[in-house]
Amino acid sequence: MRVQMREGERARSSRLADHTTPFVRSEWYVAGLSGEIGRQLTARKLLGVEVLLYRREDGTPVALRNRCPHRSFPLSHGKLEGDVVVCGYHGLAFGADGACVRIPSQALVPSAVRAQNFPVVERAPLVWIWMGDPDQADPGAIPEHPWLHAPDYTHVGGYLHVKCNYIRLHENVLDLTHFPFLHGEAVGDLAYAQAPFEVAEAGASVRITRRLEDHPVNAGYGSAIGNLGHRVNRTSESWFKTPAFHVAHATIEDLEGGVGGRAEFHFKILHMFTPETATSTHYFWASARDVAIKDEALSEASRTRAVNTFLEDVEALERIEAIWSSEPDDFHEISVTGDRAGLLMRRIIARRAAEEA
Amino acid sequence: MRVQMREGERARSSRLADHTTPFVRSEWYVAGLSGEIGRQLTARKLLGVEVLLYRREDGTPVALRNRCPHRSFPLSHGKLEGDVVVCGYHGLAFGADGACVRIPSQALVPSAVRAQNFPVVERAPLVWIWMGDPDQADPGAIPEHPWLHAPDYTHVGGYLHVKCNYIRLHENVLDLTHFPFLHGEAVGDLAYAQAPFEVAEAGASVRITRRLEDHPVNAGYGSAIGNLGHRVNRTSESWFKTPAFHVAHATIEDLEGGVGGRAEFHFKILHMFTPETATSTHYFWASARDVAIKDEALSEASRTRAVNTFLEDVEALERIEAIWSSEPDDFHEISVTGDRAGLLMRRIIARRAAEEA
Amino acid sequence: MRVQMREGERARSSRLADHTTPFVRSEWYVAGLSGEIGRQLTARKLLGVEVLLYRREDGTPVALRNRCPHRSFPLSHGKLEGDVVVCGYHGLAFGADGACVRIPSQALVPSAVRAQNFPVVERAPLVWIWMGDPDQADPGAIPEHPWLHAPDYTHVGGYLHVKCNYIRLHENVLDLTHFPFLHGEAVGDLAYAQAPFEVAEAGASVRITRRLEDHPVNAGYGSAIGNLGHRVNRTSESWFKTPAFHVAHATIEDLEGGVGGRAEFHFKILHMFTPETATSTHYFWASARDVAIKDEALSEASRTRAVNTFLEDVEALERIEAIWSSEPDDFHEISVTGDRAGLLMRRIIARRAAEEA
């Protein structure tokens, strides 16, 4: 492969995270949905590491490394006795904190025998895990997502396993210019793709904002609100909050008197990306709204629409990942104006990964 | 793996190309058959690179890198609009020369945004591609193959995907000693394998010539010519012309008066090898003759015989490639006198690859 | 992966063989069962190398490298003519000693053209191979296993292909503490796992001995001997003899008068591990006894019990191998007291591999 690249470009691209960048470990990631984690031993690979998930008898979730410190047997194939996991090979038993509590063939249990324990925090319907230095694990750093709990909101959600690096998924959700091409005009037309936007970096987060004023409400929002045909102001904010979490806010301001005594309506899409390996990602998503919250049919339609759209993204991103793995790794991609937010995000991830190295 | 190898041998073998040698890029390779390339977007990996093939509205073939310069989406999953390819992810559009002609989300199109374009030349029924420096692409360097176009010839041909390095295929067609062992006596008997031969190197090509005088014509040629039972002189010339192209000429001189007023008859077998990866090859072949050119049944029989023979070669070469990948890469092969042409060919490829490095 | 490891530990673990340790070549390994090797050409990968096995006309077994020295064609796809193997590609022919005896396309056969020959020795029902320096191959170094030949013994045996490194299999059979956890109490109860043991290193072998005095005979031995209900002394000796061979001796001393005029009974389990690759092993086993040697039903039951038990080991070890390949290679396992024999074995293998390097 001979790829012409000027020195300056090469230097620049080394500051952009990609699938070769080490994972950012000092971060909270979604380990699973509350409903997935129970009294059965469940294995999931997170950030390249085999993790065991289960709940204590009191219901609190636990994450241990799914690899017995003795001879690497996967603890998920052992047994849960109370809160204690018993390895299926030689019977070493580990408490929920990872400490070994029993070695059947000897009386003494040295304190060095421990399964690695990862801090977890449940914010139903999500369970979050911290895989960096446990002493740095501050639950206050979990990004807010009140729309999944608050009584004035309803949401639908789901999970997709995606065979691409998580950074490409972040780039995809920060980029609205692909809507008419990948998803068709129903999801976002050309005017929307071309609308002016603002990109703001704040700390280690990036926000891209678009505002369309005095437009007819689009079909999706209009049928949820019940104001089809009205003119509205629409503000869309896509927010890369952390390497694990992206939220898109849409605010619809009805300019023709509103519906049911309200003129402002909110829609949220949450994208939670947890790297599995360098080339695969656990993708948890949720779509919330503060209107028609009892309307089950609407929720079902919204779930279907979301899944269909995400599957189009997944198919495109998996094709791209396949190209990266089938060709030498030195291809130089060119960015356009619409990529600004994505590039900032990749710089942030590269910087955070470098800080941990 | 402990393989005894003297220093001298090691040095010698480093001058012989094998599956670890980089591809020779400054060369014309067959990208496809004319009939394979049309108005649909077609993907094919050539020399390790994903290539997109299609035809302009005026019918001329186009080859672009099948990887959008923006975010690596395979252009073959986009759309063809006139001569322009529109990427299926964000809609960037590229002309047949690779220049970007549209970025939907912005007004300005920087000239640096280009899909890589590869020179192609059609010599029906073949389309040739040049994947080296485009400035060096001289269509005059495409090896002659008039027997596929000339009115006094007819040919049959086909395509095989082979899971071995292309150099082993070249070695196979330069070597006639394997005929009775791999293919059976019908294809070439022991006398033929043992016949004296001459090897000549000319520039970067190699020719091996065998001449059998005053022998009974063999069954294959005899039934085509209609001179079964006659005594003939037979000259066989196998010619490695380029890393992409090998042609075998057989000339049969009838010593008993000939048939239909002629005493000399020509048969040609063309082997066109285009590396896909280091361990797989696109194998295009054709078999031409200047006798009985309207005889469809004969053509069909000749096609069947060729395919059956080539499949035996393919099976043997795939077994060899499998051994190379299953064992450490330091095995030292020993050559015999019959390998002289193959060794020259491997030296030429090694030298050409080194020149490009 | 951040794994805390003190310098001292890292140094220690580098002296323990694992799946990254080169194979010990100067050793006799089981190449196959006598019944597997005949007049057909048989391919088997041993210690990472493709090996061809067959028998001469006089019945003696032969092992050659299964790779023609000419162009790497697998000789197993050629033909056997008398004692001579004829390659299926260009017909080079090799005697049972590996010497080339014929090159069809030339008169002279240089003595350098040889297929690699490996010393083999048959001790029915096993055929042993030596893949190190042939000059060092001393059949006297094959570990004794008279229980497979002696008239006062009977045995059952079999073969399992296991997708794990052979060292994990050695570790498994040197360790009796996993019995109640992996296999259930019928194979070995907790008392047995906790019984005191002695570990002795002798030269490059390791022996672990357990003695239970004045216990009720267990079901397996009791039903073979016919002394169910009797109290017995039981001595168990597990012996790592070579990287290829492990034998477990159980001696049952009947304390209540014995059966049929005898008070002492012997049971042997032989584990023969031949590495295929770094992550797969040919596992030959046999289970012998010197009691009820005509009892076919007992033999059948003993075979079934053995296979079922070994399959549990295999499943566990394959899960462990899978974890090692799916996670980074720097995991630090912790050992317990019961691992002493296994650690000695790993030290011996590491030392022997280092001596060969």
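Should a chain be cited, it is by its letter among A, B and C, assigned in written order, with residues numbered from 1 in that chain.
As a working rule, contacts are C-beta pairs under 8 Å (C-beta built on N, C-alpha and C of every residue); 3 or more make two chains touch, one makes a residue touch a chain.
Note that the coordinates shown come from a computational prediction; the quantities given were computed from them, not determined experimentally.
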Inquiry  = Between subunit B and subunit C, how many degrees of rotation does a Cα superposition need? Round to steps of 5.
reply    = 120
Homomeric contact subunit A-subunit B: same or different residue positions, threshold half = different
Subunit A and subunit B, separation of their C-alpha mean positions in angstrom = 48
Request  = Going through subunit B residue by residue, note those that touch at least 2 other chains and give them in order.
outcome  = none
Ask   = In the complex of these two chains, what residues of subunit C are touching subunit B?
value = 25, 45, 48-50, 67, 69-74, 77, 86-92, 103-106, 112-113
Query = Hey, which residues of subunit C end up touching subunit A in the complex?
reply = 1-2, 168, 171, 175, 177-178, 180-182, 190, 193-194, 316, 319-320, 323-324, 326-328, 331, 333-338
